[in-house]
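Here chain A shows up in two complexes: once beside chain B, once beside chain C.
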Partner chain A sequence: MDSTNEDLEGSKDEGQIIVLLIPDEEYSRRILKITKEIANVCDNLCYVSLNLPYAPLINNFKKEGIDISKFYVIDGITQTAEIAKNRDGVEYVSSPGALTELSLAISHLLETRKFEYIIFDSLSTLLVYEASPTVTKFVHSLMAKIRVVGCKAIFTCLKQDSSSVLLKDVNMFSDRILDAEYWGRKN
Partner chain B sequence: MTEDERVKTGIPGVDEMIGGGLPRKNVTMISGPPGMGKSNFALQFIYQGAKVHNEPGVYLTVEDTPGNIRKYGAGFGWDLPKLEEEGKIAIVTQTIYGGLKKDRSKSDSNETLNDAIERINAKRIVLDSVTLFKYLFPNDVSRRINLLNFIDQVKEWGCTTLMTAEQHESGSNVSYLDEHFLADGLFQIFWSRHRDRHERCFRVVKLRGTDIMPDIRPFKIGSQGVIVYPTQIPLSLTED
Partner chain C sequence: MVEGQCFDGIDFEKIDEEPSTLIITHGGRIQSVISDIVKYYVDKGEFGIYLSLNKPHKTVESILRHGGISEKNLFFIDCITASVNTIGVLDSESVAYLNDFDDLSQKKKIMDAVDKFAFSVPGNKFMIVDALRTILLYHEPDIVSKLVKDLIYELRDAKVRFIVLTRSEDDSAVIKTISYHFDQVIDL
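So, the complex of A and B:
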C-alpha cells in the first residue's frame, strides 16, 4: 500500500480529518473512486455536495457501483436552480454560500444520525462563493463539531487551491493535508 | 438564582443564553424590525408555558385580532383554541380605537386583562406590542407613566412578562428607545445581510440578575416555531 493510501486507511480508522488535494482535470473521476473506497468500509455516511445536485450525484454513485443506501446527502446546489421537493435521504441547503445554514444542517445531522464518515465536496467550491476568512471560520467551526462527535471526515479541494490562504489555515485544524494524485492513479 | 426562580422561555436555545430562563416576575422586551418574528417569539413563550410548563398565560395584542393569533399558532401546529378552552391561555385584544376586551372565539366578551389574568391564574403575560400600546396615550409623559404602571402591575400580579417593540435600526448600530430602559431584560432580533443573503440574528442585550451570553446568534422560524442556535456563529457577520 502506498503512503497516501495508508493515510486514507488511517482516516477510516483513527477519527482523522483529512483535506484531500485532487488534480483539477481528474476531480470528478477521483472523487467517485474515493467515495466508493470509503463506502466499502463504512455503512453510515454523509456526503456534502456543493458541486452536483442530488439526482446526478446519485446517478454517478449508481454507475460507479456505490451503495447509495449508505448515504445521507446534504445538497447545497439544487436549490440554486429550482425549488427542490423534500425526499428521503437528502437535505437541501439554499446555496453553497449559505454557510450558517450549511453548518446548522451538518451539525443537526451529526447529532441525530451518528455518521461514521463525512465527505465534504468541496472546499474549492466554498471559495467560489465566499471570501477566504469566512470559509476558514466555517471550516474551523465544522471540523470542531466533527471532532466532538467522533466522526471521520474528508474535505476535498482542487490541487490548484493548495497554495490558497484557506489551505494554510486549514492545515492547523485538520490532521493531514494529502495529495490524492498518486492514490488516484494506482486505483 | 435557583431553577425555580427561572421561567423557561420555551424557545429552544434562548434559555442556554440567559442562565436557564427568565428571572421570575421580570419584564423582558424583544425588539426588532417588522417581520422579524417578534410576535412568534412572544406567542411561543405563551404557548410553551401553557402546554409544557403548566404556566397559564395571557396574550395581549394591541395590533392584531385573536383570530389571527390563533391562525399564526396553527401554522406551527399549536392548538391555541384547545388551550383557551382548558383555561390555560387567554387572548385579550386592546385596539388603539377601543377598550380592553377578550375574544373567546365564539363571541367577544368584555373581559379585561386583569379579569383574564385572575380567571386563568396567569403566570405569563405577553404585550404585543408596546409600540402601539403607547398610542393609547396622548403624550410622552403619559405613555411613559402608563407603561411604568403596566410594568408595576404585572409584577404585582406575579407574572413573568414579554413585551414586543418595533425597532427600525438593525445590526449593532442601535439607538435605544425609552421602553428599553424600563424593562428588566432586552432581546434584540435583526437581519444580518451578507452579499445577497439575509440571516435572522438574535442577541441578549441585558437581563438583570443574569450572567448572559451576549454574543449574536442565528435563529430560524421553522415549521414548529422559533429556534435559536447558541453554539452557531452567524457566518454572515464575518468580515471579508
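So, the complex of A and C:
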C-alpha cells in the first residue's frame, strides 16, 4: 500500500474529515500533488476552488497528469471577473464570500451525486472574504453535511492561519488537523 | 478502567463527586475526552444521554465503537443530522433529532428527552455535551448562560449528572461567566 492509500485507509478508520495545513510558499505545488494522489485512488471527486478559476485549475491538473474526468468543480472565482460559460463538470458561484450560494451549491451536489472525496481549497480564502464567526458556522454546517452523506473530505488551509480562531473551532468538528509535511507518512 | 482511576489526565472520581461539571480542554482533545468519560460511565453500567452539537450521532457511534465503547446504554440527542438533511429524519428509540441547530426553543425537546430517559431507565445516569463553544457560535453568551443554568437545575432535579465540554482557547471571559453555574470546573 502506498502512502496515499495509507492516508485514505487511515481516514476511513480515524475519521473522514481532515484539515491539511500547507505552507504558503509550497501551497500550489503541494495541493496539486495531494490532489493527484487522491485522484489516483478515487473515481468521483468534488473540488471546491476558491483560489483558481476553472480554466487554469484544469490546465494545472492536465499538466500534472491528473485525470480531470474524475472531477466535478465548484468554482468560486471565475464569476468575480467575468461571466462564466456553462460547461459540464463545473458549477459557478459568484464569489468565495457568497457563503449561502456556496452552501446551496455544495448541498445540492452532495444530494444529487455520490462523491468519494471533496477537496475544499481553501479555508484561508474564506477568511479573506468573511469574518471568522461567519466562516466557522459555514464550515460547521458543511462538515456536518459531508458526514451525513458519508463522504470524505480534505479542507486545505495555509499554515500561517493555524493559530486562527477558525482553526481552533474547526479542530472540534474535523477528525484531524494535519501538517502537509506529514501527509503520506504513517503516524 | 476502575472507579477513581485517572485516565489521560481525567480524574473520574472528581467528576463523580459533583452533579455538574464543566471540562475545559483543547478543541482537538474534546472527542477523545468525551470517549473516555462515556467509556468510564458505560463500563460502570450507567445510562447516558449524549447531546451532540459537533458531529452527527452516526459519526459519534462509529467513534465510540472504534474505542470499544458500546452505545447500547446511550441515548443521543443529535443537533446535526436533521439540520443538514433535507429529506427529514424520524426520532428512534435511541436518537432524538433536533431540526434546527441554532433554535434554542428546542430546549423543550431536549428536556422532554431527558425526562423520558430519566424515568425510563434504572440506576445512575449522566448527560454529556459536546461542546459549549459550538452553542456560543450561534448565540450570545447571556442566552447560553441561561440555557446552561436551566439545564443544570432541571438535570439536578432528575438526578442526572451533567458533564459539559468546551474548548479552552480565546473565550476565557465568556467561559468564566458561564462556568459560574457549574458545581465544578476541570481544566484539562
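In this text, the second predicted complex is superposed on the first by the 168 of 187 C-alpha atoms of A that agree within 3 Å, B and C clash if a C-alpha of one lies under 4 Å from a C-alpha of the other, contacts with A are read in each partner's own complex, and residues count from 1 in each chain.
Everything below uses one rule, namely that contacts are C-beta pairs under 8 Å (C-beta built on N, C-alpha and C of every residue); 3 or more make two chains touch, one makes a residue touch a chain.
It should be emphasised that the depicted structure is a prediction, and the values quoted were computed from it without experimental measurement.
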Determine, for the superposed arrangement built on chain A, whether chain B and chain C clash or fit. fit
Quick check for you: in the superposed arrangement, does A:A131 touch first (chain B), second (chain C), both or neither? first
I'd like to know which partner A:L104 touches here: chain B for first, chain C for second, both or neither. first
Would you check which partner chain A:S141 touches, where first means chain B only, second means chain C only, and both and neither mean what they say? both
More residues of chain A in touch with chain C or with chain B? C
Applying the document's definition of touch, where does A:N171 land relative to chain B and chain C: first, second, both, or neither? second
In the superposed arrangement, does A:S95 touch chain B (first), chain C (second), both or neither? first
Between chain B and chain C, what is the shortest CA distance in the superposition, whole Å? 5
Set of chain A residues, in rising order, touched by both chain B and chain C: 107, 133, 137, 141
List the residues on chain C that touch chain A in their complex, please. 26-28, 30-31, 54-56, 58-59, 63, 66, 80-81, 83-86, 101, 130-131, 133-134, 137-138, 167, 169-170
Quick check: in the complex, which residue numbers of chain B touch chain A? 195, 197, 199, 218, 220, 229, 231-236, 238-240
Over in the complex, which chain A residues touch chain B? Could you list them? 95, 97-100, 103-104, 107, 131, 133-134, 137-138, 141
Enumerate the contact residues on chain A facing chain C in the complex. 13-16, 107, 111, 133, 136-137, 140-141, 144-145, 147-148, 165, 168-169, 171-173, 177
